[in-house]
Amino acid sequence: MSSLYLDFIRIRFLTMLAYRVNYYSGILVYTLNIGVYYFTWQAIYGGKEQLAGFTAAQMTTYVAVSWMARAFYFNNLDREIATEIRDGTIAIQFIRPYNYLLVKMMQGFGEGIFRFTMFMIPGMIIAVLLFPVQLPTSPVSWIGFLVMLFFSFLINSQINILIGLMAFFIENNDGLMRMKRVVVDLFSGLLIPISFFPGWLTGIMNFLPFQAITYLPGSVFTGRVQGTGILEVLGIQVIWFLILLVPIYFTWRAARVRLFVQGG
Amino acid sequence: MFYLGLIWEYFTNYVKTRLTYRADFWVEVISDLLFQATNLIFIFVVFAHTETLGGFTEAEVVFVYGYFMVPYGLYSCFINLWNFGDRYIVKGEMDRILTRPAHSLFQIFLENLDPPSLIGSVIGIIIMIWSGGQLGLEMEWWYIPALIIMTIGSTLIYAGIYIILTSVSFYSDSPTGIIPLMVNIQTYGRYPITIYNRAIQIILTWVLPFAFVGIYPAALFLQREEMMAMAWLTPVMGLLFFSVSLLLWNSGVKRYRGAGS
Amino acid sequence: MQAIEVQDLRKTFRIQQSRGGLKGALQDLFAREYHEVAAVNDISFTIPQGEICGYIGENGAGKSTTIKMLTGILVPTSGHIQVNGYVPYQEREKFVQGIGVVFGQRSQLWWDIGVIESFQLLRKVYQVSEADYKKRLDELVERLQLQELLSRPVRKLSLGQRMRCELVAALLHNPSIVFLDEPTIGLDIVVKSEIREFLKDLNRTQGTTILLTTHDLQDIEALCSRVIMLDAGSIIYDGGLNELKTRWGRGRELRFQFGGAVKAEQLNGWTMGLPVTWTQESDLVATALVPADMAVSDVFSRILSQAEVTDVQISETSTDEIVRQIYSSGSAEKPEVKLHV
């Protein structure tokens, strides 16, 4: 049984390799993204040593690692699920002897492995060569970061699955998906680290799952969180991972009822 | 005339379809507006930490953003290529398009009309008026004709870039195409371009000229002397990019018809 | 004038050759290997105006590729095509005004709105005048009995209802040539025969040339005077359906049930001098194969005068069977039919 799921990972990995144009343009676009934000933050710092707890050097590292983390955890599970719901192929998935959502997760993970090895690592090397990025020196930070990166992937995919399943209830959820993408980029701390937000907004952010996707692992990588602090932020990620299982479970159940009663 | 008639015909069909899914209509409008709001949040947060960005004040950057929303709304309404690869290439609807007597690109535009996006254009104008007021900009007679020319230029550039990127679907084997990768890049033309280094400036001006859908034309209304020349280049670049995109599209279609799907 | 003229038409595709496994996929990312496949291999045929022609072949034989070239969707690799006086891929927009296309597996109607709205829209797309449109629509709606369906959205129609609407959509601009790709796929018998009747009528009253691909040979029998058979990109048969049957059919089979036991020698003795071959199922049942050029009555009179017969069945080789045989042999040359006695 588990080898079946492993196969989904493998197949998706191979599929990703087949999309050559996407691969090459992806590398270029991510480098451009890092460049733009590097210079934007340089302009914002404008010679100031420190803003919102970030030194200018930490900011550079943060920008690079956040974008490269995004290159890894990003996927289109929401679109895939929504498309399968809209064109009705989801009905076939229900009669197959596996758990649909788990399969989607595995496909996402296959894509993630591709993105990690083919996007993130080469991209990080390019970023280190082009910009003054400081890599962590302590092995604990490295290990902590990599574990947290995996949870970033899990939480981001969970959010994607939830949004994708909304297609059961809203005929056209393109707008919702587009919005989710922007919200995740902004509130995960990719575009602006959470500590830059005004106090009240930071307060709200702390009660949302988005910061667990980019801001927390980014803080470990830049060395702003160290030692036992790493376990603390990792704990936040684990808690969010568990909490998000609840709405997914209920949405999925409601979706099945809807599919069986109304025929999709 | 034939094409204008078709626009009307497809528009009425859009309305009829939408009336059957009223709730969706509002979800779409609201999510569109929230999408814009998050971009504004970025500006506000950044300016909480600095007085100016590349010599532009907060109100000026907001004004640029307001300008951007006008052509962006027009573009989203008429040229919605978001699903092209998936729907037309992978699902094969391109074949149907090619058996009909109208230009293929135009048919695809019409089948994907999205009138609610125009609300964004209206809000963009309101933002321009509001931030213009904060800046103490005097309304001058030439603003309205200039805004129309610039908006057309910017819309053509936006359309051109995305048609070019969509044409890649004819050559690429990926269903999603590379458009999703551009979502972030399109925002970069809205900030004072001088903060970037030379290479990125060149990219945003000549390669993926998003600066012409933001900072350059808006600088005309902000009366920024240093970008005046670039501002007036907007309609020229618009025509240029749009023409190039049509050529690429046509050659993409030719390739599609050569290779099949 | 010929409706369709095709000369040495060829279409080759470049197929990417995937190297299997992870290593292969990684190699493919940087350098790819291709090989060429001829989907349509130098075919030639002409179809005169007003003919209904069936275009058949197994999956992947090149039917769809041909149809796509004839309708201007694909550009041929080489060869000459002329349809309705146009080269389809050159003046596409003008050319498609004169043709109608139905893809059985793909809808050309808008999913969410009433059928009539789609028709209205197509009227504009094809620039049909209001008067012509009204007249034509009324005729078609009357003929296909769509009155009640017109205001319903397509997603609420059954497959049969939808297909009838698809036909109307393809015919609103009164095309002189109609291409139908699997028009009866997935339909029930009643709807199938309705559609066949309709197409026959259309051909008779309007002189519309029809080219259809199908997997259902009953479509061919009901509609087509002419069949083009395709295999692996080449035409293996082009001609009348009857000719195909006489050339390929093994004649007729007479299956006798006898009142008492008979032996093989007796059977052969009764038809001595006639080119008849016998197959015996049991003591009481035997089948005589009568070649197409011989009268069945000759065999009848011989047997009935010499044996006690309780029952007789006459059957002809079905088109289905003929086609199956042709495919399994891969050529339409008349094979050596070996019969076992």
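Here the chain labels run A, B and C in written order, and each chain numbers its own residues starting at 1.
Definition applied: a residue touches a chain if its C-beta (ideal position, glycine included) is under 8 Å from a C-beta of that chain, and two chains touch if they have at least 3 such contacts.
What you see is a predicted model, and the numbers here were worked out from it, not measured in a lab.
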| item | value |
| --- | --- |
| Farthest chain (mean CA position) relative to chain B | C |
| Interface with more contacting C-beta pairs, comparing A-B to B-C | A-B |
| Chain nearest the overall C-alpha centroid of the shown protein atoms | B |
| Approximate Å spacing (C-alpha centroids) for the pair chain A, chain C | 52 |
| Mean-CA-position distance for chain B and chain A (Å) | 26 |
| Inter-centroid spacing, chain C versus chain B (mean Cα positions, whole Å) | 48 |
| Residues of chain B engaged with two or more neighbouring chains | 21, 173 |
| Multi-chain contact sites of chain A, meaning residues that touch two or more partners | 18, 20 |
| Touch list for chain A against partner chain C, complex | 13-14, 17-18, 20, 23 |
| Residues of chain B touching chain A in the complex | 21, 23-24, 27-32, 34-35, 38-39, 41-42, 45-46, 48-50, 53-54, 82-83, 86, 168, 171-174, 176-178, 180-185, 188, 191-192, 195-197, 199-200, 203 |
| Residues on chain A engaged by chain B in the complex (per definition of touch) | 18-22, 25-26, 29, 32-33, 35-36, 39-40, 42-46, 51-52, 76, 79, 83, 170-176, 178-179, 181-183, 185-186, 191-192, 196-198 |
| Residues on chain B engaged by chain C in the complex (per definition of touch) | 2, 5-6, 9-10, 13, 16-17, 20-21, 92-93, 95-96, 98-103, 107, 173, 254, 257-260 |
| Chain A-touching residues of chain C, taken from the complex the two chains share | 18, 22, 25-26, 28-29, 32 |
